[in-house]
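What follows is a set of notes on a single structure, which appears directly below.
Chain lettering (A, B, C and D) follows the sequence in which the chains are written, and residue indices restart at 1 in each chain.
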Amino acid sequence: MMERLATWCRLKSPWILHINAGGCNGCDIEILAALTPRYDVERFGILLKPSPRHADVMVIAGVMTRQIAERVKRVYEQMPEPKFVLAVGACALTGGVFQNCYGQAMRVDQIIPVDVYVPGCPPKPEAIIDGVVKLLEKAKGGAPADEGRRE
Amino acid sequence: MRAEGSEGSFIEGLRSELGDRILEARVLGPRRVAISVKPGDHRIAMEALKKFGGSHMSTITGTDMGEAIEISYHVWCYQAKMEVSIRTGIPKSSPIIETVSDLIPGSVLYEAEARDLLGIEFKGLPYEGRLVLPEDWPEGVCPLRKDWKPDWLK
Amino acid sequence: MGLGLPKFIPEALRAVAKRPFTLMYPFERREPPEGFRGRQVFDLSKCINCGICAMDCPAFAIEMVEVGGKRWPKLYMDRCVFCYQCAASCPKNVISSSKLYELAGTSRSKLVMAPEPPAVGGDRA
Amino acid sequence: MGTADLIIGPQHPALHEPERFVLKLDGEYVVDVVPRIGYVHRGIEKAAELRTYIQDTYLVERICGICNVSHSLVYVQTVESLQGTEVPPRAAYLRAVVHELNRVHSHLLLLGVVGELFGFDTLFMYLWRDRELVMDVVESITGNRLISAFNVLGGVARDVDQSQVKEAKKAMEYLRGRMKFYKKAFAEDPTVEKRSKGVGILKPSSALDLCAVGPVIRGSGIKTDIRADDPYAAYGEIPFNVITYDTNDSWARFMVRVDEIFEAIGIIEYALDHLPEGPIRARFPRRVREGEAVGRVEAPRGELVDHIISKGGDKPYRFKCRTPTLANILAACEMIRGGQIADVPVSLSSIDPCFACEDRLAIIDVSKGERYSARLRDLMAKYGASR
């Protein structure tokens, strides 16, 4: 009972934490644009939170640079359970044009488990909202599905 | 101070300042001039450029040319409206050159970047430590040298 | 306070009277403009298996895979940066754009577009 | 009590060049600053040497997603001058149009972020609302909202038709009206005035010494603009003014950007009115001849320099790119020095690194040796900004 209530609450207001793991800002600007009047995701109760301890969803964009990989992991560990990760943009998914650069450490899903992947370079704010909607559908299913998750 | 002029007359003007110190002068395109000087003379050339309003360091490029490392100082001359590349080569075995950061203070970060990526030592550079490379990057490995290859190419 | 009237109060009041600026996505979907670079469409009946698209791709998103004895382009959408250099390089205009942009998936394997060459499918019109 | 060290950075989301600044504090005042950059060092220069010229066009676009048009423009212009290719006049005009659209969107973005930094969220929301209009125009012309993939070797990737021109001109006309309102807001609003006037002083002499570029040097009263001094694309034929302000403070740099938006709108309208007919693309070979070239463009943030050395073949031998923020970091340090901590975000954002969006700070109190972590927002809240 309490659990269902908690899930319901979570779905009604997923608070997100936005992290740039060293991208070109394109995706970050679009994530930010999703919060501004034209798209206004706050109408779904989605709030951008500056602290990982308040957040349910981590929105991560950018290539994992060597400098930032360890820090991303640390931030992820600080988020309370259950936590979800939304990877935005080609860089976060695989590295995009930066594949095989010496500054790129690895893909995001090699460091932390990713729930929903949003391809695009950069994806439209609508596509990011679409990703959030798919993430919420997944979260509604109770326990996070194992698909796409790595240990 | 000179008014805006063609590249050829600009090179003539530079030659009258620097004489034989210019080993080679080329026109790269409209408002683009490249001169080659011996290492050590690059500071004198930069002093001479100040007469043309050349106080803006656009950037410093270091290039691994095999035996030598070539350094290009790209200076924009405000009055002459000319981008001058001062090129000089230093041996790869002992890549040491005098800094120009006392002549143009804005070149500190460019020199620090070239030191990181190509292992050029700038004598008298006030900035210490790494600028762009990660903290866990091995000491003495310079990624922009041609003999360094990323893992996937090895 | 001697600060004068902040400039935004009349502006904010005017905005109250106007229609909301917000798009009601995902309930209302606005069509992207003509020529939007969305998901690629491959017309493999025109493909001559040259592999120039794979060679020019800046993100290494196209891989030529062998299906039925010939090499066909396989697109990894998770790597794709939607620059459409492949379409520009293609000598036969095999690749065209669509307006589909809602591509989010729950796993990376769902983001791979395997080639469906006309000869292998057999009875493809 | 002695001085304390305050480390700003490095987690730095809204930026192509995350920096870390170590501030030496004496109470509320900043005594000295040491920059450390490179947290997003991806190795683009090396990667460019390993990819072909065609692939590099899209690689350099992603150095910075905000001013991507400038990055691809300077790259293609440098390679074209290396090869000696003339771009068709229609392509040169279209390049200028998209370049200016990019400048408008970048300046609006910064001004909005600055509004948020002031604790003036209304300004942020309104500016970003009107920015969406520019994004729509960019999307209809280039096919994507941000990364345009518009400039290609030899010309531009796609043509515009009459309906797009009409739509763009309509949007620009509307935006001009809105910008008049925003200019008034920036010039007269008490919040903006209190937070930015007299903050982050950069004297003209130090701006010249530190090789500052773009709106930063123009905000110190020095009239220099690559579009005017070293014209490229179609800028030699388009009339526009170089904006300067001489109050040397953050406010001057914001006002330079506000006025540049007006100029950019003028350039876009002029270029669309005088768009020559003809092809949009010249043939460009895969292999580029031997030589070297230096290219410069005026990106929204200032001078952007590319230096390409070719030894023949389809890959560049050396690709060097100097982004404007790198040139302005020293100037930013100069602005911060001597100011208060509360003014640091405003000074930094006035060079347009979008520094303050989501920064993280670690405060180290030297006398105690303790280490705290805080986010810039928390810190700003502590020091008076509302958010």
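As a convention for this text, a contact is a pair of C-beta atoms (placed from the backbone, for glycine too) under 8 Å apart; a residue touches a chain by one contact, two chains touch by 3 or more.
Only a predicted model underlies this, so the values are computations on that prediction, with no experimental measurement involved.
Which of the chain pairs holds the record for C-beta pairs in contact?
Of all chain pairs, the one joined by the most C-beta contacts is A-D.
Quick one: report the Å distance separating subunit A from subunit B, using the average Cα coordinate of each chain.
43
Just how far, in Å, is the C-alpha centre of subunit D from the one of subunit C?
27
Quick check: how many Å separate the C-alpha centres of subunit A and subunit C?
20
What are the residue numbers in subunit B that touch two or more other chains?
If we look for residues of subunit B contacting two or more partner chains, we find 134, 143, 150.
Which positions in subunit D touch two or more other chains at once?
Residues 38, 41, 43, 46, 50, 55, 58-59, 62, 129, 144, 147 of subunit D touch two or more partner chains.
Using the touch definition from the top, which residues of subunit A touch two or more other chains?
37-38, 65, 67, 96-97, 100-103, 121, 124
Between the chains shown, work out who touches whom and classify the graph as line, ring, star, complete or other.
Drawn as a graph, the chains match no named shape, so other.
For subunit A, which residues count as touching subunit D in their complex?
18-20, 22-30, 32-33, 36-38, 50-51, 62-63, 65, 67-68, 71, 91, 96-98, 100-104, 121-122, 124
Over in the complex, which subunit A residues touch subunit B? Could you list them?
It is residues 65-67, 100-103 of subunit A that touch subunit B.
Can you list the residues on subunit D that touch subunit C in the complex?
Going by the criterion above, the answer is residues 51-52, 54-59, 61-62, 122-123, 126, 129, 136, 139-140, 143-144, 147, 149, 152, 157-158, 181, 184-185, 188-191.
Could you please specify the touching residues of subunit A with respect to subunit C in the complex?
37-40, 43, 90, 93-97, 99, 109, 115-121, 123-124, 126-127, 129-131, 133-134, 138, 145, 147-148
Write out the stretch or stretches of subunit C touching subunit A in their complex.
Going by the criterion above, the answer is residues 21-23, 25-26, 29-30, 32, 58-60, 76-83, 101-108, 111.
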